[in-house]
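The same chain A turns up in both complexes below, where it pairs with chain B and then with chain C.
Here is the complex of A and B:
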């Protein structure tokens, strides 16, 4: 059997093992690879950076536990930015499993930044039927969520002072791993004119670009790469930045084995 | 190594799932069944507490007169469950009809405005304007050609031969490039999930690196 035939017949489990090793090494010994900022991420960062202190911001945390490796670093960076700027953060979700993930990350970051629930932030919880909920929030936030998730009346919460509907928020950040951005843009941004930013998994990023091109959203923070760029803008090096070392190395490995595989296929092909 | 119960159980279940990469085994099956069961239970609890209890039961029990307007929608919502009872399952069609009618009513105009018209508007831009860089001009041209050729590709009322054939072939190339880029993003996304799990196993569980 020639070398190229051996390459084609290689048991894939060896490749899995090498992938695991290649991913693990930069985690144990970080490489500190540089991160370049893209205009897409800057679009979200600048929009929030330019908000006056005390502005209300709505953060829709629409991702499931399976997407936390990508979405948690982005959400953490976003919330850190919001709390640094002393913005009034209102969290919510339009997917059922977003309750756990959203509440977790909001509690984690608010505790780290010394923020008080009810005054600096709140979590409204889950509302069923995405599109109808967004239309309803566009009409009246208090009618849609009479209480926050902890039973407090939303009409008297200090964090929601002056906020009666979606357009009263200075910005809407959607952290998503599904097509919830489409609903927020079509039923929220299009109707009320609220500024929207997309923080999404890498899989969803291609679907967000048409909205960016049409200027319906201010920017896109896509995947772990986007999260690392956001962290760099904040001057911190956290999960996303540290994960990018492994990301870069594994991508190089994948390129090498793809080229090797294609050469092996061409060499062994019977013309 | 951390022996905190939550981290230990999470790490063992992660390894059980990844053991499938070697071959199918009972540990993988056990972890898979736990995942399906727990996620179904979690969804049920959230739907009950955040939707049913908070939006229907609590307002009606706390302020019946003030919440009278949710009684009828609540009844129609309950009628959805009649799908499970053979003889009266036709009642659920009433609720479905209202749901589909209302959803279509607010969806269609908003989608036409937000998706179709807004996206079309974004392609009607000057190819060149004063002060614009050559790169921006080139990008706009690429965008315009891409939109037109892909639209021609999906126009099946005319046979794709001759000039139309060449244009739709170019549209196919655009589609292939898009699929390649989307696949690249997908690979990046999946690798990110692997990195997240490896960081958990190495840093949070085994306490190596970080």
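Here is the complex of A and C:
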């Protein structure tokens, strides 16, 4: 058996072992690789940065527990930015498990930033039927959510002062690992004209580009790369930047084994 | 009985469908009220379906356990996690604790069992994708070769190493940042074009299917009528 034939028959467990090592090393010893800022991420950052202090912002936290390693860091960066700017943050979700993931990250960041529930932020919870809920918020937020998740009347909450429907929010940030952005754009942005930003897993990022190029969203924060760029813009180095080192190394490893696999394939191919 | 199974649903679907189409395109407070009411009904139906789904899940696994069907042990595992989650969730809630408060058991279970388990499952993909990329991503044809080259290019362009290499080449005189700008072009031009085509196709299909349902041409949702 030639060398290339051996390569083709490589036991997958060797690949698993190398993957484990190359992922673990940058976590133990961060490499601190430099991150360049893309216009996509800047589009979201600038839209929030340019909002006047005290503006109301809606953050839809539509991601499942499986996506928390990718979505939590970008949600944390976004919420940190909002709270630094003293924006009034309203959290909600249009997926059932988004209650657990969304409320958790909002509670963590708000506590870290010393913000007060009801005045600086609130979490409305979950509404079933995505498109119907979004259309409904476009007509009346208070009729869609009569109380927030903690039983407070949404018509008297200070954080929602002056907000009666979707278009009253200065910005809508959708943190998602599924196609919920499609519904927010079709039934929210297109109907009310509210400015929207997409923060999503890397897998979902390609789906956001047609909206960005049609100027229906202001920008895209995609995956750990987007999260690390956002952190850099904020001048912090947190979970996304740390995870980016591992992702960079694993990408290079994948490129090497893909090239190696193809060379072995071409060398051993019977014409 | 055929009237209730066949004609009545068709009439209801036609009337509700037409009413909502007109209401959506007529900017009048009256039509907004209609939409709002319809949305409320829609959410109530969806929530009822959620209860039905849970009931169906419980009955399915209960039957498997009672009959000791093959793999009924997995059904026991379902109840092992389902019952405590529901009981503690309903009794103590699942709200995130405020500063100084202790976490509810339901919240603790969600954050310390469900989140790590799902994240672990998702993270395992890194191993399987690596193995699959090595074995399956081959330049077997012209199409596959183009896809392979683009994939490798985007993978480099999406990590800091790509930015660093692009910067070096740019400083050497290349008029653009190879991997950074190249990846942006791929994402913004050919990929966006392809996605738009897919989206338009999906949207047109949804419109066509909706029209067929509203006018009673598509009736598969009625079942076979037995």
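One rule holds for everything that comes next: the second predicted complex is superposed on the first by the 271 of 271 C-alpha atoms of A that agree within 3 Å, B and C clash if a C-alpha of one lies under 4 Å from a C-alpha of the other, contacts with A are read in each partner's own complex, and residues count from 1 in each chain.
Just so it is clear, a residue touches a chain if its C-beta (ideal position, glycine included) is under 8 Å from a C-beta of that chain, and two chains touch if they have at least 3 such contacts.
Here the structure is a predicted model, which means the values were calculated and not measured.
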item	value
Contacts of A:24 with chain B and chain C, given as first, second, both or neither	first
Partner chain in contact with A:261 - chain B first, chain C second, else both or neither	second
Touched partner set for A:126, first chain B, second chain C, both or neither	first
Which of chain B and chain C A:243 touches, first, second, both or neither	first
First, second, both or neither for A:148, with chain B first and chain C second	neither
First, second, both or neither for A:76, with chain B first and chain C second	neither
Which of chain B and chain C A:190 touches, first, second, both or neither	first
Touching partner for A:35 - first (chain B), second (chain C), both, neither	second
First, second, both or neither for A:231, with chain B first and chain C second	neither
Interface residues of chain A shared between complexes with chain B and chain C	16, 19-20, 23, 66-69, 96-97, 99-100, 127-128, 132, 135, 149, 202, 205-206, 210, 213, 223, 225, 247, 250-251, 254
Contact set on chain C toward chain A in their complex	32, 35-36, 38-40, 42-43, 46-47, 50, 94-99, 107, 110-111, 114-115, 117-119, 121-123, 126-127, 129-131, 133-135, 137-140, 148, 151-152, 155-156, 158-161, 163-164, 167, 180, 184, 187-188, 191-192, 195-196, 199
Contact footprint of chain C on chain A as seen in their complex	10, 12, 15-16, 19-20, 23, 33-36, 38-39, 64-69, 96-97, 99-101, 103-104, 106-108, 111, 117, 127-129, 132-133, 135-136, 139-140, 143, 149-150, 202, 205-207, 209-210, 213, 223, 225, 244, 247-248, 250-255, 257-262, 265-266
Sites on chain B touched by chain A in the complex	21-22, 39, 42-43, 46-47, 50-51, 54-55, 59, 102-103, 106-107, 110-111, 113-115, 118-119, 121-122, 143, 178, 181-182, 185-189, 191-199, 202-203, 208-210
Residue ranges of chain A touching chain B (in the complex, touch as defined)	13, 16, 19-20, 23-24, 27-30, 66-70, 96-97, 99-100, 125-128, 131-132, 135, 146-147, 149, 182, 185-187, 189-191, 201-203, 205-206, 210, 213-216, 222-225, 239, 242-243, 246-247, 250-251, 254
